[in-house]
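In what follows, subunit A forms one complex with subunit B and a second complex with subunit C.
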Partner chain A sequence: MERETAMKSASFVSHADLPGLLVRLAEKAELWVPAPEDTAPHRVTFKPFQAGMAIDVQRLPVSSAKKLLFPQGEELLRFRTDKSASDAAMETVLSEKTTEARPTILFGCRPCDARGFVVFDRAFLQGPSVDPYYKARRDINLVVSMVCPGPDAACFCGAVGSHPADTQGSDVQMIPVSGGFVLHALTDKGQELMENLASAPSQAQEQEARQVWESVRRSVENVASLKDSARHFPKRFADTAFWRFHTERCLSCGVCTFLCPTCYCFTITDETDGVQGQRLRSWDACMFHHFTQEASGHNPRPTKAERFRNRVGHKFSYFLEKHGQFACCGCGRCLRHCPVSMDIRAIVQAMGETEEVHD
Partner chain B sequence: MNTLKTLVESIWDQVDMVLGWHPGYDPLRPVPAFVRDRKDIASLIWNPLCAPNLSVYLAKSFKTPAHGEKKIGILAKGCDSRSLTALIQEGLVDRHRLLIIGLPCPGTVDPEAVKSARTQSGPITGVSFGDGWVELMCSDGVERLPLDQVLARRCQRCRHPHPVLYDVLLEDAMPRPVPKDPFAHVLALEEQPLEARRAFWLKELERCLRCYACRNACPLCVCQDQCLAESRTPKWVTQKDTVADKFLFHMIHTLHLAGRCTECGECERVCPMKIPIGLLKEKTAQIAMELWNYESGTDPVARPPLLSYDASVTGL
Partner chain C sequence: MTRTWLKDQPYRPHMAVIRDIIEETPAIRTFRLTWKDPAVSATFSFQPGQVGQISVFGVGESTFVINSPPTRREYLQFSIMRTGEVTRALHQLNVGDTVGVRAPLGNSFPYATMKGRDILFIGGGIGMAPLRTLLLTMIDNRADFGEIMVIYGARTPEDLCYRYEFDAWRAAGVNLVLTVDREVPGWTERVGFVPTILAEEAPNPYNRVAITCGPPIMIKFVLAGLKELGYEDEQIYTTLERRMKCGIGLCGRCNIGGTYVCVDGPVFSGKALRAMPPEL
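Our next item is the complex of A and B:
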């Protein structure tokens, strides 16, 4: 288990004061909250906050909140082909993207969603190069998570080095107590927000919050970690029969990657319209055939077996080796919304189940 | 009266493999099973939660038979049997390679509808079925819901709950009665003014992630890795995530299935954003019936009307 972020200060917000708090937050930044869909209230998604709207912090939103910091389609630059001023030739004029990143607050996500951004940070900010588009948004983003109100059968944060009260990736953490929430500021950004927003909790409230936090944390104590099985990946790599067997029902669609809070792969395309166009960065998915399609026609991952193997390898082996943690926060969306319930946990477990490696 | 297990046992010698369903991680979600070992027959299940249409794997994974291969056994509900028939009609699957185990279908349950209808909140640990009801077991106790309340939309409008094509038939199930107007959902939408329909589709399609689950789960979307949605040379559609681009993809998907779609509703079932995308295909099925009196996937020797192009005919 990783170290928890130490609490800097605490506040209390009653249920009655919560709508007012949200209105004040919405004045500071673009505020995103988990809200039920009007036609299907049992389905919750992250939506921009509007005064008076219903919010639901009890159910896990269908998709992650990653689009706040990593939009599905993002214009990097525009181009236009014009007559050259100096000679008769045509020249392409590029203009960099000028839109400013807006400050955002993600309110009421679960710890798994907050932890997803920790994986993003390693890939986009802490690698050999810094991604300026992500950084611009991340620098002025604030995450207010709530300790998890309860897992379902697809959840597995406890198996990937996290837990339902994890503080990693959150600037402020909310803990439900009687009558409202105790808020813990965990970072300087979080502290800044808290200073002018709410009142200090009573000693009893703070004590209750600590008890709730501790009991939520301990709720996954008996969940077996995937670490032991994950280390078998290199040995399993060439075991074609293993990957074929375990991926046979996969449909090779992008549900798992697009809903995942830690999947950050993208493609870059030029979308032209006549003499002008835009260079677009958009979400891509390693489950798609085109993901590794080379210009020569060769595809190093021609079938779903190689593609799914890569997904497992990236999340549970390569990323771990490079950054010391899984590229998975255990939110379970990949399994919960998969058309055929592909269970990545079960596959990682199976890697270590037998020493026998197929030919 | 036979049971699924005795039925599969009885045909086992003729097949290399049986495509069926077995339990998944969640009692509400059985998953496709590829049974190659006789002892695994015991793990096969059949109940209204066995939603995935298994014919999706045929043209994609088992198109070319290995030399001397036996047949593929496949469990097929009414809608699944229509998909199989359409694949046979289009020459994408050889009828003689299949041993179809027909399942008269009481209708499949939509797990989302269960979530919405149930009053308890604890995790569901078991599910059982009776005549017209489904019973959920959870830590809070047992809750019984009427089957009609939790049926998938595709099943509420199903015209062929009884398999249209099979080699052996499971006898112990009663198919669901056929509804009066299978196109009632399309009609209800069509009765609205143009602006309201436009607003409806903009709102629904705005949620689309372009994950292509609808395409990949479709038994008749057989272009797969060559799909024009992702083709770069030539480039037909953009990677933009505007609703117009999403709409374009879904229109292409729909038109490529016009006169072919067997209304199995898998596109809608697998959509993580729950967009009622099946409505578009239902409209084309309705047009095919009105225009050509043609219902796809009901006659293995019928020629699909849009597959009648003959290159030798000149002077068009």
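Our next item is the complex of A and C:
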């Protein structure tokens, strides 16, 4: 179990006061909340808040919240090519991206989504280079998570060193108690946000919150960690038959990576309109064949077996070695939404299950 | 300094002007660039082996080794084989045109540890480019090194790069062994594949460093040949290539296991190579 963030201050908001709190939060920053889709109310997604809208903190949103800090497509720079004034040559001039990052608050996500940003932080902020676009957004972003209202069969946060009450990556954590929520500010930013927004909890409410937190945390105590199986990855690497067997039904559609709160593979492409254009960064996926395809024709990960192996390796071996944690928060979206029910958790388990290595 | 620029704005290229284009082979052109901004020229520095990402705006970016040595600062040189979209676009550019360059990226040859030793370069085709930067750095500091032997091969004499420099290399005391795959009328140097010539020359591994780059199949047999001659993994260096986008270890393309070729490479010792998972 990783270290919990100590609480800095606590407040209470009743169910009746929650809409008012959201309105006041929306005055401070662009507020994103989990809300049912108009046409399919059972499907919840993160949406920009509007006064009066219904929110749903009970269901896990279909896609993760990563797009707040890492948009699916974004402009890196603009360029314009013209005939140079001095000679006949063509001259390109670059211009900076002009849009400023807006402050955002992500409200009501689950601890797994909050923890996804911890993985992003390690990759995008802790070098070797700092990603300036991510940093600009992250610096003025706040995460108000809620302890998990209830995992489903695809959830496995308990297996990746987390739990449904995990505080990591959250600035404020909401804990449901009778009549409303107790809010624990976990960071200075979170404490500042909560100041004057809600009243202090009663002693009984705070006590109940602690009990709820503790029982939610302990709900995954008996879940077996993937740490032991993950250790077998290097030994399994060259076991082609193992990877072929376990990835046979993968469609290489990439939905697992697009919904994942910790997947951050991207591509950079240029788009032009006449003499000017933009350099864009967009989500990409290591599950795609062309991802590593080289111009010479060589592809170091030519089949889905190598590609899925890279996905498992990145999340459960390479990232762990570099940053001391899995690049997986156990939200289970990749299992839940896979059209052919691939189960990365089962594959990691299988790596360690038998000493027999296929040839 | 340049590092600060890349640290703060790792995706922003600096503009460079094409000053000269040399037709090396039918498919390879060498581009000599100078920075547009004099402030960048004044502070730019790099180590032999480091790479740059060249942008043709509207087409994209690709990674190439800087093959001029840091000891010669009048221009920055890249040799580019026409292979894909970006290289095709680069080959269509003329002297005076501008490109974007993000450099220096990646690691470099452990130049300091090579001082005082004999040197063996083994290159094939365009693989001579990453060797050239180190070779010229050594030539410019000739007294720091013992024997310098270069085995360089290509399919035909026309496929050898830097032909116009061979005399200068020899004049600087480089033992240059040239080879082509098949007999060609008028060719007076060696004939045979690079690994074969390596076995014939059999340079003594004692206090020597071997640096090799070329097509993967050549590297494979050269590594085996060096082992046969008694070279240890620690004495051997090579450079790896991968498709790259970001160049800063994020976008997820160029990793071999947990090693990112763009930041941890392109230079790897034989020892590091052996420790990598088999995903080359």
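Just a few scattered comments:
As a working rule, the second predicted complex is superposed on the first by the 359 of 359 C-alpha atoms of A that agree within 3 Å, B and C clash if a C-alpha of one lies under 4 Å from a C-alpha of the other, contacts with A are read in each partner's own complex, and residues count from 1 in each chain.
The rule is simple: a residue touches a chain if its C-beta (ideal position, glycine included) is under 8 Å from a C-beta of that chain, and two chains touch if they have at least 3 such contacts.
Everything numeric here is computed off the predicted structure, so don't read it as measured data.
In this overlay on subunit A, subunit B fits alongside subunit C without clashing.
In the superposed model, A:Ala51 lies in contact with neither subunit B nor subunit C.
In the superposed model, A:Ala6 makes contact with neither subunit B nor subunit C. With both structures placed on the common chain, the touch criterion links A:Glu294 to subunit C but leaves subunit B unconnected.
Look at A:Gly313: by the touch rule set out above, it reaches subunit C but stays clear of subunit B. Within the superposed three-chain model, A:Val255 lies in touch with subunit B and out of touch with subunit C [touch as defined at top]. Legend: residue contacts after superposition of the two complexes on their common chain; A:Ala16 is shown touching neither subunit B nor subunit C. Seen from the C-alpha centre of subunit A, the directions to the centres of subunit B and subunit C diverge by 90°, a value given as a multiple of 10 for the model superposed on chain A. Taking subunit B and subunit C in turn and counting the residues of subunit A each one touches, the greater count comes from C. Annotation: superposed on chain A, subunit B and subunit C show a minimal Cα-Cα gap of 6 Å.
Shared contact residues of subunit A with subunit B and subunit C: 267, 269.
If you check the complex, the residues on subunit C that touch subunit A are 6-13, 15, 17, 57-61, 83-85, 87, 94-100, 216, 241-243, 245-246, 248-253, 255-258, 263, 277-280.
By the touch rule above, subunit A contacts subunit C in their complex via residues 76-77, 79, 81, 84, 87-92, 94, 123-124, 128-132, 234, 237-238, 264-270, 272, 277, 279, 281, 284, 286, 291-296, 298, 300-301, 306, 310, 313-314, 317-319, 321-322.
Within the complex, the subunit A residues that touch subunit B are 40-43, 45, 62-63, 71-73, 152-154, 248-249, 251-255, 257-259, 267, 269, 271, 280, 282, 285, 288-290, 335, 337, 339-341, 343, 346. Interface residues of subunit B facing subunit A in the complex, by the touch rule stated above, are 24-26, 29, 31-34, 52, 56-57, 61, 112, 115-116, 123-124, 207, 209-213, 215-217, 224-225, 230, 232, 238-242, 266, 269-270, 272-274.
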